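Same chain, two partners: subunit A is paired with subunit B first, then with subunit C.
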Partner chain A sequence: MKFKNFFFRSVSITGVPIFGLLILIVALFQFVVPIFNATVGDYITNLVPVLLLTVGAAIVIIGGSIDLSIGTVCGLSAGITMWTLASGLPTALSILLGVATGTFFGLLNGFLITKFGINDFIATLATLNISGGLLIVLSQATELYGAESEFFTSLVYGSFFGIPTSFFIAGAIILLMQFLLLKTILGRRIFAMGNSGAAANVAGINVRNVKLATFVLSGTLAGCAGVLLASRLGGVQAFLGLGYEFTAIAGAVVGGVSLAGGRGSAAAALAGGLFIGTLAQGLQLIGVEPIFFGIVSGLALIIGVIFDQKIQDIGQLRSRFDSRVLAQPPRKEGDHG
Partner chain B sequence: MSFPTALSTTRSAPIILDIRQISKSYQGVAALENASLQVRKGEIHAVLGGNGAGKSTLIGILSGVTQPDSGEFLLEGSALAPRNPRDAIKSGITTIYQELSLVPALTTLENIFLGRELIIERAGMKVLLDRKKMKNEVIELAQIFGISKDELDIPISEFGALKKKVIEIVKALTFDARILILDEPTSGLEEEERLHLFDHMRNLRSRGVGLIWVTHHLDELHGLADVATIFRDGRTLESLNLENSTVGEITNLMFGIQSNEAGLRTKNDRLQKDDKSNRPEVLSLHAVSRAGVLRDISFSLHAGEVIGISGLAGAGRTELARVIMGIDTRTSGQIFLKGKEVNFKSSAFAYKAGIAMLPEDRKQLGIISGLSVAENISISNLSSVSRFGFIISRKKERELATKYKEILSIRTPSVNQKINNLSGGSQQKAIVARCLNSKPSVLIIDEPTQGVDVAAKTEVHELIRDFTSKGGAAIVIASEIQELLELSHEILVLRNGSIVGRIENVQNSIEKSRVVEIKAEVLALSAGKRLKNEI
Partner chain C sequence: MANQRFNISMKKFLSDPILGVIILLLLVGGVASFTVEVFFTLQNFTNFLSGSYFVMLLAMGMTVVLISGGIDLSIGAVMALCAGIVAKLALQGMSVPLVIVCALAVGAFVGCLNGLLVTVVGLPDFIATLAMSAFATGILFIWTKGTPIVGYMDETYKQIGGLAPIYREVTVPMVIAIVVAFALGAMLKKTKFGVHLFSVGSNRLATRQSGINVTNIRILAYVISGVCAALSGIIMAGRNTTVPPDLGGGYEVLAIAAALIGGASLMGGRGRILGAILGEVVLAMTINIINLLGVPSSYQKIFIGGILLLAVLVNQLVISSRTKILMRSTNKK
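Then we have the complex of A and B:
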């Protein structure tokens, strides 16, 4: 009985199922392709920017909205960083401008949605085009390059104790977001708003400000992702970032972040993102042609979501059982009729 | 108080629904144990019981939503085992739920024939809806229930709550319903509308339909229900002939306790009776308007006082509360809180300034469903459970919730339970706890006891009285005039967004037993009629 309780509780905690699946495929690939282990550091380094986007997407989704602009905002941030570096600005300032670009677009999205009442899907679709368009103009449809800053390159290619610097940077940011979501007042308000915006509004939560905050966070994370992306690539193509938003949203959803809002965590999104990335990497090592990756990641999304829903159903069943117990009025002694 | 006879002749009518020893349990916990009851032709059979007594499970079984573990039920002598709601409806058992199950954008006619439209065939293809034939088929029945020919072509969304209920009834009858289950049919209806609905129910009875009527409102049974079956702990206790039963007896059976007439007696000895001017003014409104919704609302609320707001749905009751809270903006007028003018940009500021609100629609606006009881209680004042002003302490939060759980006797094994798992009454008390935790000087309560059973209702009333006896001020909005009479010092009647009447010194009038007169007066004012002499 003890075990049963533990089982039900752990499966109903978001993120646990996907962590299980993640461990499972890692073990599988290790078994099938022995060189898998040697490539782990490399492919995760490539994955880091997208993982940051995934966590940003999760924050907005938990708050009950969606942000489609993160991919191209990330690309633009990378472009701004590269461009300012190439024009000779100090490295620290360039990095700051790159991150600020993301924050700016987050604020813009937030204002369009909360001040002007534009639907989140439409508003961020518009800023997706604007930020993507700005990068094309900035790069004159070719490529931005020419950063000659060792410090900048070391963001990704440096390492401490054999672990890439970017792991520490992204790890710290994601940890901070996990803390923010689960431990702080703002985080609690984001969950409440995502669960029921109308009820949160009546309960004394300034839902506009909280919504604005979620978009600023996701924009800023896109900015950080952009800086790391520029550092890794060394050159920024005109269409960089386009399509990343879907990988990120898919990762968050596979991780168990509910599109209905109010459910999920940064760690769960991280696990979802890692799952999709690991799957792609493993398949490539096995020898599956890259042309099939789109199909495979689409199927992974469907399977991941179905799996998560089934697990949630078990959790639901459990809580429905609890509610039956609760709904019974307390029985008086000697009262049998 | 005893119930005068309804139609005693029905006792000899044949039994059409015979429920025999039905049991149902969920993972080992019995929701129904050997429940039995018989419904006769042309009988209004009330089903009573506290929250969680097993009524909903029985309805679920009869309407095919769930299947029983054991036992059976016979409709007109033949055993029935509906596997889904469609099965049940086809066999002649229709359920009308508290929540509307009509499609708002479709017309009355389209709703009535939804899923079994009559179709014209052209060149061997089923293409067109045969509106004419459908109309002819339903028009006579519709007119009996007061739906005109034109109204058949109007979208459902245009109608009020009563009309929608009636349309559902007509829809059920066109399916040839022999058993009609009404789940809290009067919720959301105004006093007058309730009386109309009762007329329709009598009409159904005379057509020979067996009505199963689930209700929390014991005062409604009066003169309408023939028989009542009481549920407690998943068992059917007794089927009472309502001729010889008193409300007190019924509540005793429902809860197994003396619940002092369960709030049906006016009881306001805890209300302060001293002169209003002795107490400081807490909140005052001066000519507050919101375009199209509220017009020139002015009143002042003093410490220890309760102002009741009455009026029909759409009169501006809830809108008034939302404007005070800053959820909706006002177009003109001023609001003063403790002498200082306030202009809240969102409810967050209202809570900080000391106004809390218990909203009307508990499921949609009250509880935050994915969160735990503790999280629901702390949400309006998170700084009360946090460290350094931004980190939430789970421990402090649990302690706070446990404190309120004990004070307000919220029924839950743990404050970490998801709030959706609690009964309606306990959910409501958790929201009261949320309001109290924001340390308000003014509490706005919109429909405090909707969907709450009689015992919980008394408790919620006690909480409000307790709050005001400690110097708090409250605004109570309620459709039931009885409820306002029990709680308020002064009643304001709203119609079309304006105050059309004020009844002061409510409790003095009650002492002089003017209850019926006041009720009549409030009703007349709400409806915009002159006071009738004969009442």
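Then we have the complex of A and C:
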């Protein structure tokens, strides 16, 4: 029991266990698959958009909600960027439009949830369909392509000091989000709201605005992810982004972001996303079919949630114990009764 | 005296979740019959109804889960998986009743697994069922190697899918939908389990403290929705004539929308089988009208998202206005 307590407490320091696991499986795959090292750069480049989505999902989940629309919003943003580029708009403007699409859907989600009081999960399920449908209409159920901007392709394929540009972009965004969550007033409010919306409200936090902000952030991150995705793929298919939300949420949860809200960080989500990505890539190199990927992330998600609950249980046991000790009247010297 | 009786029946009518959907049905049907010429014909009605039985079954199962206070996002994938099982086993020459029993067993098994994940393991309901949906789709993909299953159709499966009638206008899906509707309706209204189900959905803690096994009831709700999904899959296999691996995508959204339009609540403890059926009729009618107006089918997904939002909004409006009316009438006393 003592060991179990110690184990879960040390593991509950957000992000520590998942970083450990990440190093473990990277080491394992390097041992098992000889070509793993050669492909690692490529696969992280592929993973960058999903990592941004994972961080966005983490922000909303920490705030105690869920955003199912990020996958298709990311796809739609990619589509809008590609479409505007192909129709001859300046590169900077179409990138801006792509990101703005994400922000718009974030705002839409936030308004539906905070102003109209629609359940978060139903509202984002509806916007999932709407944004996915818009991409189908936009691409006429085929594919969008034809961006001829050097700068746009260099977003992903260019490099500084041998490191792909997209790493710098995504790294900067994720660092910013980590800072925002841990060091700013908004970040503290997001955590407070995730722990208990009612308590945060009583404490004078405008819970509606904070919730709106979390959805706008996750939508904007989805927009950024979409732009990077379009740059990497060079063509946007009608069903792009469908199912990414599941990988993103699974990554966040595996990284130690609690679905109950109020616990997690951007770095932890990043580690979780990398973990699932590495696992998928490693399995693929071993020769497991990519079809199994959904099953793997589903399993990872379930294990992550169970783990999180164990940590919560231990925490509750401890706080109950603490409160019982504190509730006892202070003992006087020489009082043996 | 008569006035009082009128008040009571009025109150009863207003507190019925069916009210909203009937208004919506009349509204949509009324507008359409004036604007779209071919809409109000028997041919068109049987046409869109025959395509709506399998979603109806899904919506009925979803209603049962919603009443218990949960949600089941896996039904679309489970439906596809069961359709795949039917097609695969039929190809291997298994007899029809055995095939159906196998599909139903798989549906019940997946439902049971959902229930166990939600209750015993304690996962959030939509995460557990979303993961199950990924599993089911993954299994179907692995099984079919990404290509549609074809070549299992014969006369029996044509009848099961409703492509060939068994007597005049009567088709097998219609009969199945009606039988399931009566069975589930009777279960909710007349049995102890039904009463317990509503009670679990309204207040889980109070139900547990009054000595009812909440876990079993919640698991059983998921099993029922799994079996409904399996039935729907059996019909789908016959109706679609092929089983592509991505068959089930998006049907859970339709089912949730139909159940919500029919007066079920995401908070649990509210919902009716008749509501789910009428809700799906409204949905099918709307999609039918959109098609008749000549809107390209690529827009369909956007409309479904919009309808889902509208359904929830109307649902909330009906509930809040009903509460107001009820409050006013009790305050008068």
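Note that in this section the second predicted complex is superposed on the first by the 292 of 337 C-alpha atoms of A that agree within 3 Å, B and C clash if a C-alpha of one lies under 4 Å from a C-alpha of the other, contacts with A are read in each partner's own complex, and residues count from 1 in each chain.
Please note the rule applied: a contact is a pair of C-beta atoms (placed from the backbone, for glycine too) under 8 Å apart; a residue touches a chain by one contact, two chains touch by 3 or more.
The model shown is predicted, which means the values in this text are computed figures rather than measured ones.
In the superposition on chain A, contact is made by A:126 with subunit C only, not with subunit B. Of the two partner chains placed by the overlay, only subunit B lies in contact with A:205; subunit C stays clear of it.
In the superposed model, A:142 makes contact with neither subunit B nor subunit C.
Legend: residue contacts after superposition of the two complexes on their common chain; A:37 is shown touching neither subunit B nor subunit C. Of all the residues in subunit A, the ones that touch subunit C in their complex are 66, 112, 116-119, 121-123, 125-130, 132-134, 136-137, 140-141, 242, 246, 249, 253, 259, 289, 291-295, 297-299, 301-302, 305-306, 309. Those residues of subunit C lying in contact with subunit A across their complex are 71, 117, 121-124, 126-128, 130-132, 134-135, 137-139, 141-142, 146, 249-250, 253, 256, 260, 266, 296, 298-306, 308-309, 312-313, 316. Contacts from subunit A toward subunit B in the complex involve residues 183-189, 191-192, 195-196, 198-208, 262-263, 319-332, 335, 337.
Interface of subunit B with subunit A (complex): residues 26-27, 29, 31, 50-53, 232-235, 237, 255-256, 325, 327, 345-352, 356-357, 359, 364-371, 375, 379-383, 386, 390-392, 411-413, 417-418, 420-423, 434, 438.
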